[in-house]
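One chain, chain A, appears in both complexes that follow, with chain B as partner in the first and chain C in the second.
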Partner chain A sequence: SPTGDSWGIFTFLCAALCNLPALPALNCSEELGAGQSIQQTYDLTRYLEHQLRTLAGTYLNYLGPPFNEPDFNPPRLVRAEPRVPSATVDLDLWRGLTDNARLAANYRAYSRLLCYLRLLDGQVGTAELRHRLAHFCASLQGLVLSIGGVMSSLGYPLPAGPAAPPAGPPGAPAAPNDFLKKMDDFWLLKELQTWLWRSAKDFNRLKKKVPPAVVTLRLEARGF
Partner chain B sequence: KSMQTRQTDPSHTPTAPTSSAQLNTKPSQPISPPLSVSPAADPAVISPQDPTLLIGSSLVATCTLSPDFPLKAEDLYWTLNGRRLPAASYAALGPSTLSVALARLNGSRQQSGDNLVCHSRDGGILAGSCLYVGLPPEKPVNITCWSKNMKDLTCKWAPGTEGETFLHTNYTLKYKRRWYGQDNTCQEYHTAGTYSCHIPKDLALFTPYEIWVEASNRLGVAVSDVVMLDILDVVTTDPPSDVHVSRVGDLEDQLSVRWSSPPALKDFLFQAKYQIQYRVEDSSEWKVVDDVGNQTSCRLAGLRPGTVYFVQVRCNPFSIYGSKKAGIWSDWSNPTAASTPRSERVAGGCDPKGGEQNTTLRRELKQFFGWVKKHAYGCSNLGIKLYDQWRVWLQKSHKTRNQVGKEP
Partner chain C sequence: ESHTQYERVGADVTMKCGSMDWDAAVTWTANGTDIDESHLNGSYLILKNVDLSQSGQYSCYEGSSWHLKYQTNLRVGTPPKEPVLMCRSNNYPKGFYCSWHLPTPTYIPNSFNISVIHGTKDMVCEKDAVPKNRCHIRYLQLFSTVKYKVTLTVTNPLGKNFTTLTFDEFAIVKPDPPESVVAKPVPNNPRRLEVSWQNPSSWPDPESFPLKFFLRYRPLILDQWQHVELSDGTSHTITDAYAGKEYIIQVAAKDNDIGTWSDWSVAVHATPWTEEPKHLTTEAQITETTSASTSSFMAPPTTKICDKGAVVGSGAMAVCWTAGLVVAAYSVLFI
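Right, the complex of A and B next:
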């Protein structure tokens, strides 16, 4: 039937679109240029930082003391494969990053962090906790897409590998016992916090390098 | 100090080795707070690791240091949920093993488990174990189910009495057709509250189903009593849509209510009967009209003139496939408001003859200003006095305007 065909075509298009890597071109601010996207991405990192504070508070309370104590700083057991990408980097190295490398590091980090966050035990905890976690993951997904958008508008290719990694690597890096898993969860939240601090600095730096053409466009829009 | 990087003996390393050399070449100037790193091998092992215990039981736990660790048993101490445990409960079982005795444990402080930690003297964490202390689950009770428009089934239940087991409890709703087939498991939980599940399809009519709920936690399983029902016995529908309430001409004491039957009615062999409830705006007492029958309109009489009423309608499918039984009442429709007319003879109409005459309006404004004062902390200028002053001004200007003879 004719309606059957159009539904079939529609479904196929949806499937095709969903299988493409993160679609940055859907960001209509592309016309306003990279400057606008960078600002938006910066704003998003600040918003996420704010959201994280509440999420981390709730989750750490769920883990119980000493994890929720303000001065808690346990040793970090280094494992075979660094579970979470570290935001810590040499200062000179950080300064010398090209725009592409800077953005790619952010993109890769948040993609991995999102994947691990999704593994945080969604089965247990209160409904409130599951809710907050789901909301945060959605916002974090938005950040990944936003960074992808900035990269595309500046003409950089997205880093290789799945944009939204599947349900994490099974087995190997999984914590051998429940206490170590709690430590992993603690460090995941800490690393997320550190990355958001770092990204604010990254995007601030990128903001200053906005091409002049885009600046003119913004002035015109304000009627100067 | 226990947190310095150390050379590790590969034979004692449970995980793949990350050599110290790699750690030492880590960059020296991070732009974020530095992390303290410890050797790849676990410095100590606690036994039992992550045990599950009944409330009131006792436990002896041991912390055994890894052989290449420079500490001894007397350098260690224990904490439970961040609180240091008394040294009187410790015992050294060897040069590198310290035990602690915990008696009559209370239910876990958090469902993720109590944190029992073995520390070195300077406070460093050497190992930890999560204690799950609680009770086995109680039988779930009060299973009630309903089917929306004979298409699906939603059930809800309550956890057994007492409630608090201190352990995370998983609930599984199961169902099967009475004389055949295997058990099926419901998949969509929390659709109508925490303890609920929704079965969206593949349900047979005219056949009894057995339904029950299994509660399980680390200490055991409890199964509810089995509830037997036929989908057709628990049918409900969406509330009526497009509820309109309007005046009946100039009649002061009547309102006319009209609505549409729920769409599912057309598809099935059942009839619908309706119920209306209404209340005056500032009262919480609903009046119910029961004998509406299967009409989709009704006239409310004996109402107060000049009053705002809220009206709701609900629907009950009955005579499903010819049976005489009624189904389950639907939810009430969203409240619709309407007001009865007020006769013109009541003093105070639209002309401002004096501030005191228009009492209803003034009273409402007083309430409004009171609310504003409470919620808009800065607006202390607003008030009923201001309104009265404005009314006075209005009267004066009205007189002046009449004298001057301005056109409207």
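Right, the complex of A and C next:
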């Protein structure tokens, strides 16, 4: 069942990775090509995208109207410091990304998105919602790890990031009122959804380009 | 003077003979044919509850001199109903196109204006020469979180109407159907058909944006389709075709991750390879079993049991019939 697996993963991951970023040499039971790791990472993004649909629906209902209305199409408020990393990118620029840059962009994005999602956790209403969020965060942590694994296996350095989840959003001012706070949450979920769509395309490109002969260590992650 | 006049279907139309007085003596014609005086009120022409057939050239002549005093081209029509608008990206990630039409004709000229807003930005949708009622847009950015809002306004001399579509970049991705679908029999394989196809030519970058495919096939004599989903490659071998039966085969495409399935491709027909000449008993037994069930794994075993040379005397026939009954009973479970 998802509950059992997710708490198992969560515990394992917490124990292994309190402070990032270097991947420990855990469970070197098998050696697989980087191609396989990329495939697994790709599969994870698809799984997360599917999970997010349910989570977002539940969370937006919790926020209430107008956030849960299907036509809701608010203008993007320009913040001094963009709160979450955006997946939006110029087409030619995206095409021209090196493998390293492509992976690093994904790694950074999901690391920060995970931080902000965790901040949601303490504030939401129902137990069911908190449980779903926790499950999703565990899976998202797995994705970050998986991307890190691919980068390490290809010899790329992991991007520096916050060593531990920050107490508050770094640099960005806290939302001045309840409605704007909800808007922040809305955009967080939107960016997360868009990143998951983009990652599928990023990893498609990587699948084609990475030579199959590269050897890597695989983390033993049970049944995502 | 001559001009064009637009009126709604069902309206009452009063036409004045230019600047002539009400009590002047005039003659009206419609497309050259005199109009009966019963339609006149003084020098005014009254048309009640006009219909489409009354469109035409109306002329008014002074009574005695037959000078042409006034001429108008009457066009009877309707104001536009809400237009039907569709937007689709069949060439992701290049951009998308929108096409539109009116649900019912207005019978008078209409003009269309389309606007596309992305966040705060106005985008230009370039009109296509062919087909008309279609325009296309290039994406400037990819993986956008902000929706696109497309508004189509239709205007004609009798009124206007509009419709709006709002969508995410990913939601409208729908490729064109696969092209060049070919199905061929496989020599010496009576149950196989080799199907191959190509990516739709409108899909610009199948390397970075791979397509997956859905194949469906059935023998012409059955209604139920078999389905196969293929995550890569542009060919597939069907291995469970009924021997000797003509098949109809279609393929659809979808971006691997986003959007919706294309329409089905043009259907191709093919029949698996058969040995020449055909055995009549084999034919009859296959027909019997295919009509008894819609499951795909029924046909051959019965044939083999009964077909082999050792059909001598009632003992072997009993085996035949028993096997047939068992198969028939089994197949009833699947109906």
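Simple rule for what comes next: the second predicted complex is superposed on the first by the 173 of 224 C-alpha atoms of A that agree within 3 Å, B and C clash if a C-alpha of one lies under 4 Å from a C-alpha of the other, contacts with A are read in each partner's own complex, and residues count from 1 in each chain.
Note that in this section contacts are C-beta pairs under 8 Å (C-beta built on N, C-alpha and C of every residue); 3 or more make two chains touch, one makes a residue touch a chain.
No experiment lies behind these values; they were computed from the predicted model shown.
In the superposition on chain A, A:N177 makes contact with chain B only, while chain C stays out of contact range. Within the superposed three-chain model, A:T54 lies out of touch with both chain B and chain C [touch as defined at top]. In the superposition on chain A, A:A127 makes contact with chain B only, while chain C stays out of contact range. Shared-chain residue A:K208: touches chain C; no touch with chain B.
When the shared chain is aligned, chain B and chain C each come close enough to touch A:P75. When the shared chain is aligned, chain B and chain C each come close enough to touch A:L91.
Of the two partner chains, chain B is the only one that A:P65 touches; chain C does not reach it. Annotation for chain A, partner touching more residues between chain B and chain C: B.
Judged by the document's definition of touching, chain A residues 73, 75-76, 86-91, 94, 194, 197-198, 201 lie at the interface with chain B and also at the interface with chain C. Chain contact summary for the complex, chain B toward chain A: residues 2-3, 14-16, 18, 23, 27-38, 40, 42, 46, 49-50, 79, 81-83, 109-115, 117, 124-125, 127-130, 168, 170, 190, 194. Chain C makes touch with chain A in their complex at residues 93, 119-120, 139-147, 149, 166, 170, 207-210, 256-258.
Within the complex, the chain A residues that touch chain B are 61-67, 69, 73-80, 86-94, 123-125, 127, 176-180, 182-183, 194, 197-198, 201.
Contact residues on chain A toward chain C in their complex (touch as defined above): 46, 71, 73, 75-76, 86-91, 94-95, 187, 190-191, 193-195, 197-198, 200-201, 204-205, 208.
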